[in-house]
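Following are the structures in question.
Note that chain A is present in both complexes that follow, paired respectively with chain B and with chain C.
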Partner chain A sequence: MHIAEGFLPPAHAIGWTIAAAPFVVHGARAVVKEVRENPESTLLLGAAGAFTFVLSAIKLPSITGSSSHPTGTGLGAVLFRPPVMALLGTVVLLFQALLLAHGGLTTLGANAFSMAVVGPWAGYAVYRLVRRSGGGLLPGVFAAMAVADLATYVTTALQLAWAHPDAASGFAGAAAKFLSVFAFTQVPLAIGEGLLGVLLFRVLVVNARPELERLGVLRRTPEPDQAPVPEPTPGGER
Partner chain B sequence: MRRHLVTALLVLAVIALFATPLLLDGGSEYAGTDSQATELIEDSDAGYEPWFESVFSPGSSEIESGLFAMQAALGGGVLGYVLGRLKGRRTAERQRQTAKRQRRTAERQRRTAEEAATPPAAP
Partner chain C sequence: MTGLAIDDAAWASAWRLRSPADKLLLSGGLVLAALVLPAWPGSLLVGLAAVVLALGPARVPARTFGRAVRLPLAFILIGAVTAVVQVGDGGLGWAPDAAARAGGLVGHAVAGSAAVLLLATTTPMSDLLPALHRMRVPDAVVEVASVTYRMLFVLLTSLSTIREAQAARMGHAGIRNSYRSSGMLAAAVLTRSWDRARRLSDGLAGRGMETGLRVLPEVLPSSPRFVASTVVGLAALVTVSVLA
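Take a look at the complex of A and B:
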């Protein structure tokens, strides 16, 4: 989903940068607020950033005969809500633009918009939908990770189609072409990413239960052997 | 036991998902979709000239894959550190609880022993 350096015309490059900037600034403030108010969140924030860091470094083969990389932004979106990922995702993109010639500075805005804004929000929306319709945590996580991944690549395809419309068939024709490059290849990767997310959450549910309860991912259940003596405060339990 | 089985099956599913295309290899080169998109632009929008160059490009594919490996290692390292700390914290918590329970049991036993030793006061 990295649009290569220089491959968006200046107007698009500037436009996407302006579009992504408020999300990234808001995300930076969300991260600072989270760390200041809940210092114990730092560990899981690190995990969310690290997950995106690993996954976006690994290019995986797909049945379509091409290869691509997952994004890993759904995890942080589920844990800390999407704004946090706007910053963490952009940091990853900046790292790759500066050190790996992957993506670029002129396309950073567009890439951040797809991977750090649209992906996490789409994944989070689906996660909420699954949870609200009675789905469990793990199905919700699977859906969030897979959709965050796919939505990112669909966004990239549309961004490219907008910047480089087909001479004959215009935007629609170009969108079909770019989607055929990105979207189908991404389906198995999205499923794999969903499974990885489930694996990771199975570990977190056991080992990071207090954090998950505080973040509202798990409902608070007083464990019989953990709560010292559950004192029912009169009128406190509703 | 069942928990471990589910974990193993999940890991296997992930491996299978990415090993299958390689096993079914139809002579594909598995070009990256990012570079395919770039080629597509060069084909369909031939008049387009990239107007900005990367500030730094790894000199060779070896350097590039090394930098990618470094990125993955950094991420994997941090992730492993966090999971290790969380797991260690959980283990320590459990040990504290077990110790507490053992102390309580010992205390209860001591008390019953004391009560048995002192003869009940005559009414």
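Take a look at the complex of A and C:
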């Protein structure tokens, strides 16, 4: 759910751009540092950006009968960490505004704040919490993706409520209105995206184990000559 | 055909060879005008200007433009109606100036979206990315964005091919199957993107290009006439909107 072009008053558009800027700059610094140390990571990061964009083209069947599109920010946060996601998410939002007419240019700051900053950080925080408290990889991924989605939706609803407060009940009333209107699509989407994450990681653990180890999502398995490598079992990761 | 109608329109547009800076000035001016000017008649004029310029001189197909404008409309309408519904003690009702406020919101948003689309349907992303470089965005970031742009079409093609194959094998029959297939689809596209990146990186390193994918930007000279018309047109638009 992106705020459309022109939907926020000028002061809000500028304010959210300023609010998102430090996170995006921090992400850009992380990317510049990464590229300086490993030049080949330009291509991997570009691929990650392209994948995040393409993920939004996957249609998830929804229980309510309609279909919705995953945002992929929780997945990006788990795979590439929130600072990098702040930058990649903003690049993807710019592309979505200019290639899909989804979102806008003056609302890019507000959308980046909700989708590239709050979503990934909230998703990653919950992921770390689940992993640290002994939860497995798959519960962690489910929580990260669902929470990233919910956090993005709640932030967007609050941004809209702040920009367009209710005539009688002010910000609180407007927040209740926007949260409930978008809950119809966003809550099933968050659960759906969490499920998609679990299904995706079950495949990745089997098919792309070296990549997940390199990204630090899975712990490296001992070398074959030091210890026997157990067969990877989907869902069995700790 | 690349699979993204707006991108196709941008490459085929009659304004494709105009300087990106000129088009940025025009669209940026219209976007700002849509945001700042009063909805009546400012938004109407901005919207009209964007549509007339896109369908007229820029020769963007009306169907593509119409479809693209429709996309954000669902959000705009739901958002505008939600904004003007009032939550009071007696339940839900319309805010006192509901029609005017909703009209203003829809006007600003539709005009702004049309102005962004004017840029999007006339300027391919690869022309806009060098502009980021001039805005002092670090080279590494612009390169990552360029690779993203170049790779997303390959991945979109992979996505539709794999989905078609899944659908042909009843992979999307029923919600349960559909979720399982979507998970496998996302995993396949992700691993393919890594594979592509690795192969591209190996190929470039083999040719001695270890710092990335440097290409010469196409030189598209600015047209003084276009810039002058833009400035005069925007000034007229602002004057009429403020005086009306």
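Here is the rule we go by: the second predicted complex is superposed on the first by the 185 of 238 C-alpha atoms of A that agree within 3 Å, B and C clash if a C-alpha of one lies under 4 Å from a C-alpha of the other, contacts with A are read in each partner's own complex, and residues count from 1 in each chain.
One rule holds in what follows: a residue touches a chain if its C-beta (ideal position, glycine included) is under 8 Å from a C-beta of that chain, and two chains touch if they have at least 3 such contacts.
No experiment lies behind these values; they were computed from the predicted model shown.
In the superposition on chain A, A:Glu40 makes contact with chain C only, while chain B stays out of contact range.
By the touch criterion stated above, A:Pro188 is placed in contact with chain B alone, chain C being left untouched.
In the superposition on chain A, contact of A:Ile18 is made with neither chain B nor chain C. Contacts of A:Gln96 after superposition: chain B is touched, whereas chain C is not reached. Using the contact criterion defined above for the overlaid structures, shared-chain residue A:Ser169 touches chain C, although it does not reach chain B.
In the superposition on chain A, contact is made by A:Phe51 with both chain B and chain C. By the document's definition of touching, of the two partners only chain C reaches A:Val31; chain B does not.
Once the two complexes are overlaid on the shared chain, A:Phe7 sits against chain B and chain C alike. According to the touch criterion, the shared surface of chain A, contacted by chain B in one complex and chain C in the other, consists of residues 1-7, 10, 43-44, 46-47, 49-51, 53-55, 57-61, 63, 95, 97-102, 104-106, 160, 164, 166-167, 174, 177-178, 181-182, 192, 195-196, 198-199, 202-204, 207-208. Residues 1-7, 9-10, 43-44, 46-47, 49-63, 65-68, 95-102, 104-106, 153, 156-157, 160, 164, 166-167, 174, 177-178, 181-182, 185-186, 188, 191-192, 195-196, 198-199, 202-204, 206-208, 225-226 of chain A are the ones touching chain B in the complex. Partner chain A is touched in their complex by these residues of chain B: 3, 6-7, 10-11, 13-14, 17-18, 20-22, 24, 26, 28-38, 40-41, 44-45, 48, 50-58, 64, 67-69, 71-72, 74-79, 81-83, 85-87, 89-90, 93, 97. Remark: chain A residues 1-7, 10, 13, 28, 31-32, 35-36, 39-40, 42-51, 53-55, 57-61, 63, 87-88, 91-92, 94-95, 97-106, 160, 164, 166-169, 173-174, 176-178, 181-182, 192, 195-196, 198-200, 202-204, 207-208, 211 touch chain C in the complex. Interface residues of chain C, counted against chain A in their complex, comprise 4, 6-7, 31-32, 34-36, 43, 68-69, 71-72, 75-76, 78-79, 82-83, 85-88, 95-96, 105, 108-113, 115-117, 119-120, 125, 128, 137-138, 140-141, 143-152, 154-156, 159, 172, 175, 178-180, 182-191, 193-194, 196-198, 200-201, 204-205, 210-213.
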